[in-house]
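To keep things simple, chains are lettered A, B, C and D as they appear, and every chain counts its residues starting from 1.
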Amino acid sequence: MGNIKRTRYASLALFVIIVIMIPFVVKSPYLITIGIFIGLYALISLGLSLLMGYAGQVSMGQSAFYGIGAYVSAILTMKCGVNPWLAMIFAALFSALMAGLLGMVVLRLEGHLLAVATLALCIVFYTIFAQWKSMTGGVDGMPGIPKLSIGGLMLTRDVHYYYLIWAFLTVILVFSFNVVDSRVGRALRSIHHFQGGSEMAAKSLGISPMKYKIQVFMLSAAYAGIAGSLYVHWLSLVTPSSFGFLTSIYPLIIVTLGGQGSLWGAIIGAAVFFIVAEGFRAFIPILKPGTSGEYEILAWGLMIILVMQFLPRGLVSIPDILRGKKTKG
Amino acid sequence: MKQMSRVADSKESPIDGTPILEVKDFHKAFGGLVAINRLSFKVNQGEILAIIGPNGAGKTTLFNMINRFQPASGGEILFEGESIKELSPAHVAALGIARTFQILQLFSNMSVVENVMVGRHLRSRGGMLATGLRIPFTRREERNMFDAAMGKLTMMDLKEEAFSSPLSLPYGRQKTLEIARALATEPKLLLLDEPAGGLSTLEIEQLAQLIKRIRDGGITILLVEHRMELVMGIADRVIVLNYGSKIGEGTPAEIQSNEEVINAYLGVEF
Amino acid sequence: MKNRKGLSKVLFFLLVGLLLTPCRTAFSQPPYKIGYTNCHSGWLGFMGSAWRDGFLLGVEEVNAAGGINGHKLDVVLYDDESDVAKGVLAFKKLIDTDKVLMITGQNQSGVAIACAPIAEQSKVPYLGIGASRWIVARPGKWQLPADPTEVFDYVAKFRVDAQTHVEAMYAFAKKRLGVKKFAWVNSSTAFGMNCKEIMQATYKLAGLEVSAMEEYGTNDSDMTSQLTRIKAKDFDAIIIYSSDPAGALVYKQARELGITKPILADAPMVSTPILKTLGQYLEGLYVCVHTPDVPDLNLLPKNVQPMVPVINKVRKGVMDKYNHRADWINAYGYDGAMMVASALRRAAPDPTKLEEARAKIRQALVSTKGFVGAYAMGDVTSTHELRVPVVMIRLGKGQKFELAD
Amino acid sequence: MSIYDQLLQFLIAGISIGSIYAVMGLGFMIVYSVTRVINFAQGEFAMLGGMLSTVFYAKGLPLSFSILCAVLITTAFGMFLHRVVIYPIRTAPVFTLVLATFGVSIAIRGISLIIWGTDFRILPPFSKLGAIHLAGAMINIQAVWVIGTTLLMAIVLFLFFEYTVPGKAFRASSINALGASLMGIKTERMGAIAFGLAAGLGALAGAVVTPMMTTSSEIGLGLAIKGFISAIIGGLNRIEGIIVGGLTLGILEAFGAGLVHSGFKDVIPLLIFLVVLNFRRGGLLGDPEAGKI
């Protein structure tokens, strides 16, 4: 127990140091922007990882909450002149609230039904974003969303948002760790029906599965909402095209890539996901000049297949595999 | 605290008359097949009541109806005089009914001690925010849950395996662990679903001791079993089920001399 | 750390790659590096790649003619896969890693709108080709149907926004077809929705009425429900706004449903990929096209006659290089290259002094005068836009285009 | 045109759309029933079917023959995929498999983009007369072909499962893989057959719709999502369920577009679906014990 904690604190410290160091080593705003996207998707994926890896609930609808967060922030700041930070809080709360209400409907479903129900949420909200012109600005969305500012300092440069987003990520990571190894975390794991949990036993011990499914769904939505809010204040633009089907699939890939049931997995997965994608963008034109995209897409597909084949339990399982230890799951 | 005190005063007189659980003409039918047929019985405060019967006698169904996994098709069920017919399983557990399972339902995605800590769920309060922010209260609570769980493990001498996976335990120990987990909820009534199933004679001996110890701790026990050596050894009263209906009730001695029971079931034993 | 190491590798290979790229002409000067990013996959992919074909055709021509004052045009080319995140990343990569002099491309508005402010902030000239005017307009400085009141310094674009087209269609429909009420159908893509918004903002000014507004998805196979709705209403003509084959299906099914009223559509409907597949069903459709789509160029109005030789050049070039009929998107891409070239030629920047060069190019770009291309013609306006002439045609038997206006 | 005619038109439109979704759904069901995998590459099978037939047709082969080749090739490809991608990781968590198939669909799309680019392709209609009018409503002959093919495939599948030895073995292994393998049925081969069948179905569907809606490298995912939804509505376990699921989705879309607003065409069925699911957890016709990912 003790040394588990110790290794965690050690890795957290290491993580924070790396995060702080990167901008000193990496100057290019392009790479910093990659860092920003990694951070944003890591936030969404953390929530999904709690939902999938711990409570065993699949969601193909995280983009909906990412979008809700983004639009709440955008609308409050643009139309009501609310302070961006306040807007961000509202964004998180409102995403969670929506998740709570919708969760009461969809979380009564399981497996594929849950998957398709959440996929439905993704499509429904995309349509709302694109169609509700008067509120969301339609397909062109809303440009010119105010930037965030701390004290007097206006956060304009990418590196500011890099630090901001990763600071949020760190806090939320710690929060998530605390949840995971608390009574709540155990309650979640106890209802993870296809990974060693048992809803029957959980109920017999006084745990109401529905309650915890909804709670963790709300939490994941709140994470996504915060990510969405950060995203629009950084880009100072919101368009529906950022919240389509793929935006729901990426976190699924990231979580599985990193490894379900590991919070670090979400972050590692996000990092690898974007670095590899951009790596392809950089390398493939060199290997095969004159190409545009299609080879990237192919490489990307193959890459997913290979990871699923050789690391079915994700990147976090690499150490175990190296140690030749059998991975459980 | 309340039920603590009640447990305390029930300690002085392990067996008194007041029923803790009362089942009134319970009925359960799956389609045409009748699983439980107009069954009525009482479980007295602090006693060990065994329900025996051949396989398919509806024993597990009965348990599932008592802790509300399955709705009863008819009848009434009172726990400490209150109807629990409409409550959710979690609510029933909160009232103080814990159970084990014929097919083990341990959480293989947690360590042994964590399994028992889940048992402490009802006795702790920290919500998602509180635990996430790790406010002093929840830290204290976590520590208490851990200590309590370790206490239970020590009682079942599972202390050594506290941090290993439940699946690494031998089958008998896994069953004990499930009992420990159920006890962690501090129940007033403990339902044991075939606890002796698949155990060696020696293990059954230890189990019998354990169950007695639990009862002496003031917890009423209702067990379903068809391993006679266990039942006859520890039960205060025995109820015999056959095809969902009660064909006999009484002390082990009376049961062993009950004609109908012998014909229906025990015959094979003698 | 990891990704930095990767980066240096990338840069190294990039360098090697550039050295290895074969050049037909020897260039006395260091190359001009141009960034190009567009969607070559995703729902608008076919447009992106057609644009790219035209663009690369132009670039080749420039280089074959000895480049720009001895500088070769080097194009760094990325696909944004119609995805905002990927588009933004590609854009920043062009600016920071590839250190290009200027950037062009991105005909998907969503991505382009996200990138314009980045160009402005990092002071990189950006020649936009997306449909929405948000690309040039500073946030909140544009209200339909008026022009943007404030525009970005570093952004210019071809004025392909639907406003020009819808207005041309309104005029034609009223004058030639005597239309008073029209029904509207658009694809539920950004392009279609965008045009719908513009239509809603402008039809009253043209003194017209809308009797129905319908939508369809790019993957839809059957739009008879929408058309049945329209059929039940009272209308003189239908305007279909679509950038995908499904739009052609709408026309086909409208005729099958027995709707005989005139139907108008916008230029994307006669882009080569759509004509190749569904052209046979489009007989009788009125289309608001760009000059390159008019088969008999002599019929073109006087004011755009100067474009004719350029158009012919593009037609020949596309036929030789890709052996298919050049459509407006190819011509558009070609003009993109030409705009870039002319800006560079006039700015004559020193590629080693990046900031200064970018500033010069930006100046030259927004002050382009008397540009004559295969697709666009004229001066860059005060809103940094280059107007694009349009013509109404009618698709006759066997996909023969007849000038209708 | 009278409201009655309109409704009839919506119905026809719905059926012709729905039957496409239904075939896609069947593909999902077949693969799922044996491997418990939701195969997101299903849409790409349809894409391949359409593209390949256009390629062969362009090469001058007769239409029917081109389609036959396309179907056969895609079938083989489906089996190949199972052997190379799915079978090696059959023991991994199902969700890993699902994402693997998602990777497959991306890869196929990439390959198709490389070979065929972003152009649209089309086949000539199967029969000369374009559209016929009956009772004030119009129906496109190609749509009739699509509906017919769907029904035919459903019937053939049904007969296959009910009355042929491999079909029975197939069902056995879909009900209980272990039991089946004890009965000496090679579940591996069953998985391959499942993918082959699904791919073949998808390809045929893709080819039949091409004259109606054209095809291109990009159509896969869209079709897959619709097929997935209708398969789930249908309950993933019974052929008739899937058919009804697909038709329901299509008809709801058509009526939604016709009676409410075409902008919400895709949303209306989903909302109804969400509501329905709260009463019938197993989809419209599925058993309540619908599969778990």
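The rule is short, and it goes like this: a contact is a pair of C-beta atoms (placed from the backbone, for glycine too) under 8 Å apart; a residue touches a chain by one contact, two chains touch by 3 or more.
Everything numeric here is computed off the predicted structure, so don't read it as measured data.
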item	value
Intersection of the contact lists for chain B and chain D	A
Furthest chain, CA centroid comparison against chain B	C
Whole-Å gap between the CA centroids of chain A and chain C	35
Centroid distance [mean C-alpha coordinates] between chain C and chain B, Å	74
For chain A paired with chain D, centre-to-centre distance based on mean C-alpha positions, whole Å	31
Multi-chain contact sites of chain A, meaning residues that touch two or more partners	195, 293-294, 296-297
Where chain B touches two or more other chains at once, by residue number	none
Residue numbers of chain C (touch at least two other chains)	40-41, 45, 49, 188
Contact pairs between chains, per stated definition	A-B, A-C, A-D, C-D
In the complex, chain A residues that touch chain D	52, 58, 105-106, 108-117, 119-120, 123-124, 127, 131, 193-195, 245, 249, 252-253, 256, 260, 293-305, 308-309, 312-313, 329
Chain C residues within the chain D interface of the complex	40-43, 45-46, 48-49, 188, 214-222, 224-226, 228-229, 231-232, 245-246, 249, 253, 256-258, 273-274, 276-278
Of all residues in chain D, those that touch chain C in their complex	1, 6, 9-10, 12-14, 16-17, 20, 109, 113, 117-122, 130-131, 133, 138, 140, 143, 209, 212-214, 216-219, 222-223, 226, 253-255, 257-258, 262-263, 265-266
Touch list for chain A against partner chain B, complex	1, 175-176, 178-179, 182-187, 189-190, 192, 195-198, 200-208, 215-216, 219, 261, 328
Of all residues in chain C, those that touch chain A in their complex	1-4, 6-7, 10, 13-14, 16-17, 21, 38-41, 45, 49, 52, 77-79, 81-86, 88-90, 92-93, 95-97, 108-111, 113-114, 117, 122, 132, 134, 138-140, 188-190, 193-194, 197
